[in-house]
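We just call them A, B, C and D in the order they show up, numbering each chain from 1.
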Amino acid sequence: MRADHEQVSRLLKTARGQIDGILKMIEEDRYCMDVSNQLMATQSILKKANRMVLAAHMDGCVRDAIESGKPEEKMEELAALLDKLMS
Amino acid sequence: MRADHEQVSRLLKTARGQIDGILKMIEEDRYCMDVSNQLMATQSILKKANRMVLAAHMDGCVRDAIESGKPEEKMEELAALLDKLMS
Amino acid sequence: MRADHEQVSRLLKTARGQIDGILKMIEEDRYCMDVSNQLMATQSILKKANRMVLAAHMDGCVRDAIESGKPEEKMEELAALLDKLMS
Amino acid sequence: MRADHEQVSRLLKTARGQIDGILKMIEEDRYCMDVSNQLMATQSILKKANRMVLAAHMDGCVRDAIESGKPEEKMEELAALLDKLMS
């Protein structure tokens, strides 16, 4: 993976910590909306991690593939990803 | 929380397991697109958990608040949630 | 509809004007990314209109239904809407 | 634009027709949720048009730019688009 490993890992560990927190909230039978808000906050962190991964992918793997004259596979992956993100 | 605790917890534990898997993928320097796909799969699981939490909230807390004649706070929360989901 | 009719109509007319503009861009065979950006801008306007409609719905119809002691149908609609927005 | 002009234009004309319909619904003071549902249906049509435009862009302009040895600008556009779609 081309993105900064440390930065992405840190986000993932934060997300994991939040999931542990939500599991605890469920055990303690906390209020639905508080659980829901924490779930959405965790989704946001994963989304941020994904943006970092994909920005570095574009700037790394995709660029390399083009420079090496073999971009086809990367382009197909990107087209599929775009289509998925817009679905 | 009104949703089935066991079902929501099970989804959260699956998401946590996937995050552990992604952290390992990063350590092993796996391919960006594979990391990205796992990140999106984990987001989907959290989204599913959130849908369960909110469906039960509507059917539980919101209904109770209306029946007890004090729906104002719940309605404001719902309006804010709707606005957030559409932003 | 409870939202300000004039405000929502104005947004819709702007969106319609943009669609006319995009149809012209297509006739003139303009660049894909310019067409795509205009399409996304038009989606944003419709989204904004929808937020206004739903905010006023919560504050109007839903409130009335609760006050009149018949909230069931509105609550079912809201639950379905929430589920749709999160899908 | 590389996408099938006729197909995209047809979708846009459908969307425009729906907007006209929604404007009429507002004049007739129709129910909020009916207006909202039509607004979401129109957004879906524009989204579908955008997917067609971008799929053809990937398969056309981006491919050409790579083959002509000048992919930089297209790649920057794609990176920006990805980031926007994930925001």
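Methods note: contacts are C-beta pairs under 8 Å (C-beta built on N, C-alpha and C of every residue); 3 or more make two chains touch, one makes a residue touch a chain.
Quick caveat, the model's predicted, so the values are computed rather than measured.
*Asks:* Based only on mean CA positions, could you tell me how far subunit A sits from subunit D in angstrom?
*Replies:* Computed from C-alpha means, the inter-chain centre distance equals 25 Å.
*Asks:* Roughly how many whole angstrom separate the Cα centroids of subunit B and subunit D?
*Replies:* Roughly 28 Å separates the two chain centres.
*Asks:* Roughly how far is subunit C from subunit D, going centre to centre by Cα mean, in whole Å?
*Replies:* Using C-alpha averages as centres, the distance is 15 Å.
*Asks:* Going by the touch rule set out above, which residues of subunit C reach two or more other chains?
*Replies:* Only 47, 50, 54, 81 qualify.
*Asks:* Draw the chains as dots and join the ones that touch; what shape do you get: line, ring, star, complete or other?
*Replies:* Topology of the interface graph: a ring, with each chain touching two neighbours.
*Asks:* Among the chains present, which pairs are found to touch?
*Replies:* A-B, A-D, B-C, C-D
*Asks:* Flag every residue of subunit B that touches subunit C in the complex, lowest number first.
*Replies:* Residues in contact with subunit C: 47, 50-51, 54-55, 58-59, 62-63, 66, 71, 75, 78-79, 81-83, 85-87.
*Asks:* In the complex of these two chains, what residues of subunit B are touching subunit A?
*Replies:* 1-3, 5, 8-9, 12-13, 15-16, 19-20, 22-23, 25-27, 29-33, 35-36, 39-40, 42-43, 46-47, 49-50, 53-54, 56-57, 60-61, 77, 81, 84
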